[in-house]
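Shared between the two complexes below is chain A, which has chain B as its partner in the first and chain C in the second.
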Partner chain A sequence: MDSLNGTGKIIMAPVRKGKLVELEPVNSSGEIAFDAMLTTQSAKKTTFPRWEKVMEYEQLQKGINPKEVDLDTLPELILFGIRPCDASGFRSLTAIFNWDSADQLYLKKLEKTTIVSFACHTADEYCFCTSVEGGPGNTANSDIQFTRVNDDNFLVEILTEKGQALAASFSGLLSDPAQLPDKMQFLADVPIVFDLKTVTGKATANFEHPTWLQQSYRCIGCGACAYVCPTCACFDIQDEHLIRKGVRLRLWDSCGFSLFTLHTSGHNPREVQSHRWRQRIMHKFSYMPERLNITGCEGCGRCSRACPVDMNIKEHLITIAEL
Partner chain B sequence: MNDLKNSVAEMLRNKTINLFIGYGKGTGTRTRALFLTNPEEADKLIFDENCSQNLAVYLLKDEVKSAGKIGFLATNFALRAMMQQASEFQFKDGEIIALHITSEHRLIEFKDFKSIEMHLEQAETGIPAAERADVERIRAMSKQERWDFWMNEFSRCFKCYACRAACPLCYCHRCTTDCNQPQWIPVASHDLGNLNWHLMRAMHLSGRCVNCGDCARACPMDIPLNLLTYCLVDDIQKDFDFVAGMKSNALYALSTFKPDDKEDFIL
Partner chain C sequence: MESQNLYLPYLMRIEKITNEAPFVKTFRLKFVNEEESTAFNFRTGQFGEYSVFGEGESTFCIASAPTRLGYIECTFRQAGRVTTSLANCDEGDVIGFRGPYGNIFPIDEWKGKNLLFIAGGIALPPMRSVIWNCLDLRENYKDVTILYGARSVADLVYKNELEEWKNRPDVKLVTTVDPGGETPGWKGEIGFVPTILDKMVPSAENTIAIVCGPPVMIKFTFPVLAKMGFPDDMIYTTLENRMKCGIGKCGRCNVGKVYVCKDGPVFTLAELKKLPAEY
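Moving on, here comes the complex of A and B:
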């Protein structure tokens, strides 16, 4: 931690806050909740926060004076102690934020972020990363990955150039033993519960199936699942104006909200919750694979843990696979 | 339990109801709402002290209403919510069958509002003791302490609206917060946006909240929202001598004038 502090970058690590575990800026390793399985929210809040200013403006005598956020003043971050599902989740966000136009705000923030993930030695009944091509030791999109092998030692995998640059700051703590420990034996056991291609195929082929209503009867249409999800990227734009000045904000939005697809005409193509639930699954498991070649789900289970009515996406996906 | 299962299966079989809403086993130790259309499914029903979700929230959900005749398993809080919804003309007498399991494990079937009102008169539906202690702790705070407390709690809010979605009395298809001409409540989850949302929601529930606590249970960020609405429940009872959800034809406290209304808190 001392070495990392010396780099001048802001270190974001999991910290206990009451019943929750959240990514917060830390200065010492004592603050970090190493024993916590997962943070309540995902790591996306560091590059795509729940609200952020995208520009401000001033009304002049003639015209307006718009000012975008200065991307060069964005801080450098180290995400330290996030999980493989978090690191991998950025791939979906990057795909979406690079799709039809490059979202400079998100991309610049990501560029200034070094991801140091910690492999998982525990999992719970909500986790299903292995069913969506992830895993407790998945290194996708991590710059460095730590795997704890005993109380004092970690296996450290330096995976990218960015990782190498950061590792230089603590190279004195690293050693290159003759025989490296076998990473697999220190990882959590996460059984595979469905075949991903089957889920994609079945979901795509069963648009009109009554299962969507059966699954979503209890869904109350809040945004908890979308907000805690590492891959959900939908956002709303709000202007807050006061007399002659204002700001334009970007905020999280959720396809679960009843007004999400409401047209100005009054027509709503997803008027009932079962259509919105169907959309959520289709977006992650059918439309994103088709359009962006990536599954929009990391199997982290946060949606299911946060859901007030116990929707349990893992169960629903198994139901879909068995249609 | 068998009484419940048999009763529900019977009602579904002879089409007294088209849909029954009850509780079933959820993930781990959780329970979840079950929506049964088939008499054979009645076997999945459970009821224990973990079954606390206020199922009255589903009575006004579009896809439930369109199912036809509805029956549901109601805790005392859900019965109160149902009465408040009835006072607000959301359904007619006899449209919904409510089943209730007493603390002595007896099954009661309510087919009309009158029977529910009589039951509620002697039912235990006040603010639970543990939460009462929390409410008193907040009331004992100074204004500044109370402000700091709530602004700190609200700082975690990310406007998922789970509190609104879980509340049986927040059923407006167009919530005030969604109005954008003008945008009364800032959408963003910054300090002002969160404060405005929670205060506005609490105000819209004064005289309507039945203190079931589902708002706090639903919140993924562990904000004790029930304490906010409980304070209002107390205030309304004190100033208007009114408790929501006890009658099916109650008049809204804040918009009903009576000549003998107390005025000592206004003047």
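Moving on, here comes the complex of A and C:
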């Protein structure tokens, strides 16, 4: 930690806050909840915050003066101790924010971020990363990955140039053993519970199936699933006016909200909750794979843990695979 | 300098406000910055995000034709927060505009064909852009027929332009109002748009049909066109899904694998039939 502090970058790591574990800025290793399986919220907030300014404006005596958000002096971040599912979640976000046009509000933040993930040595019944092409030791989108070998030693994989640059700051702590241990033995066991291609195929082919209604009977449309999701990127744009000046904000939104698609006329293309639940699954498992060549799910299970009515996405995806 | 920020709007000055119908206004907008005006271009069918600073953004088509240079126009009905703030603007006020976004009416592909425009109510604005675009290039097209209906005579928009189209020998204009919406002096048809279309019996031969209107009008118009022999790929319409970003990021206008803001708003009926009916 001392070495990382020396880099002048802001270090964000899992920190206990009551019953929750959140990704927060830290100054010392004592603050870090190394034993936590997963943060309550995902890491997406670091590059795609719950709310952010897209512009500011000032009302002048005559006219209006819109002002750019400064993207060139963003702080450099180290995400330290996030899990592989969070790290690979940035792939989906990048696919969304960088297809067709480059959304610099997101991309510039990611560019300034170095990701040091910790492989998972524990998992719970909500985890299913291995079913969505991830895994407890998945290195996708990590710059460095630590795997815990024992109380004193970690296996350190330096994966990118960014990782290399950061590793230089703690190179004194690294040694190059003659024989590397097999990483697999230190990882949590997360069984594969469905075939991803089958889920995509069955979801796509069964748009009108009664299962969507059955699965969504319980859904209260609270949107908690989207807020904790590492890949959900749907957003709203709203203005907030103060005296003679104001801001235009981009805010997290959810396809599960009834207002999401509501027209001013009162017409709503997805008028009932089952349509909105279907949209959530279809977008992640059918539309994104077809459109962006990526699945919009990392199998972290946060949506199921956060759900106040205990909808379990893993179980629902297994059902869809079996249609 | 090109902005990195996709959400930063152009500043537009309201040059002229026209009251079209109760709660419906047209704004003629000019760029505050002359350089932006010169660099700007769009094609018919495209839309934008119009904003009142402090109130938010709202999505409408560009209702003027790209053949009319130096300004853009939009027509909107005062309905929600942003459109109410827009309606309260005066000539000379400055608003925001992002765009142009979305795909286009492929009018180059329509060369040599008859054009049948069918519009209802406040959906004439997107069609007005393509109508004027085609009329400004009149020699490219054969017969041009416009069927326009509204709830009542007062609700008909672009009344001056309707008069202009009526008087043109190279345009056939049929206007109609819903039963009960007529005035004593009304000389047009009385009846719903699909009913009047059925009576007109336009030929489907070498003809493109462009249909814009409220969902219920569209729903009953497509079968009439099918009965007359219009194939699905000769029928065009626009989708009006709710949008925020306009650039395929915010997820709101996603229907099936399509983003209405990127792949639309213009679709053929053949394309629509491949989508789930979430529009």
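Here is the rule we go by: the second predicted complex is superposed on the first by the 322 of 323 C-alpha atoms of A that agree within 3 Å, B and C clash if a C-alpha of one lies under 4 Å from a C-alpha of the other, contacts with A are read in each partner's own complex, and residues count from 1 in each chain.
Heads up, the rule we're going with is that a residue touches a chain if its C-beta (ideal position, glycine included) is under 8 Å from a C-beta of that chain, and two chains touch if they have at least 3 such contacts.
From a predicted model like this one, the values you see are computed outputs, not experimental measurements.
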**Request:** Would you check which partner chain A:272 touches, where first means chain B only, second means chain C only, and both and neither mean what they say?
**Result:** first
**Request:** In the overlay, answer first, second, both or neither for which of chain B and chain C A:197 touches.
**Result:** neither
**Request:** Look at A:59 in the shared chain and tell me whether it touches chain B only, chain C only, both, or neither; answer first, second, both or neither.
**Result:** second
**Message:** Contact-wise, after the overlay, does A:19 reach chain B, chain C, both or neither (first, second, both, neither)?
**Reply:** first
**Request:** Go through the superposed model and pick first if A:105 touches only chain B, second if only chain C, both, or neither.
**Result:** second
**Request:** Return first, second, both or neither, reflecting whether A:236 touches chain B, chain C, both chains, or no partner chain.
**Result:** both
**Prompt:** Which of the two partners, first being chain B and second being chain C, lies in contact with A:308: first, second, both, or neither?
**Reply:** first
**Request:** Could you tell me which stretches of chain A are touched by chain B in one complex and by chain C in the other?
**Result:** 236, 238, 240
**Message:** So in the complex, the part of chain B that touches chain A is made up of which residues?
**Reply:** 26-28, 30-35, 53, 57-58, 61-64, 156, 158-162, 164-166, 173, 178, 183, 186-190, 193, 214, 217-222
**Touch list for chain A against partner chain C, complex** = 54-55, 57, 59, 63-64, 66, 68-69, 71, 96-97, 99-101, 103-105, 108, 207, 233-241, 246, 248, 250, 253, 255, 260-265, 267, 269-270, 275, 279, 282-283, 286-287, 290-291
**Fill in**
Within the complex, chain B is touched by chain A residues 17-20, 40-41, 50-51, 125-126, 213-214, 217-218, 220-224, 226-228, 236, 238, 240, 249, 251-252, 254, 257-259, 271-274, 304, 306, 308-310, 312, 315
**Message:** Taking the touch rule as given, give the residues of chain C at its contact with chain A in the complex, in rising order.
**Reply:** 3-9, 11, 32, 51, 53-57, 79-80, 83, 94, 96, 214-215, 240-242, 244-245, 247-252, 254-257, 262, 276, 278-279
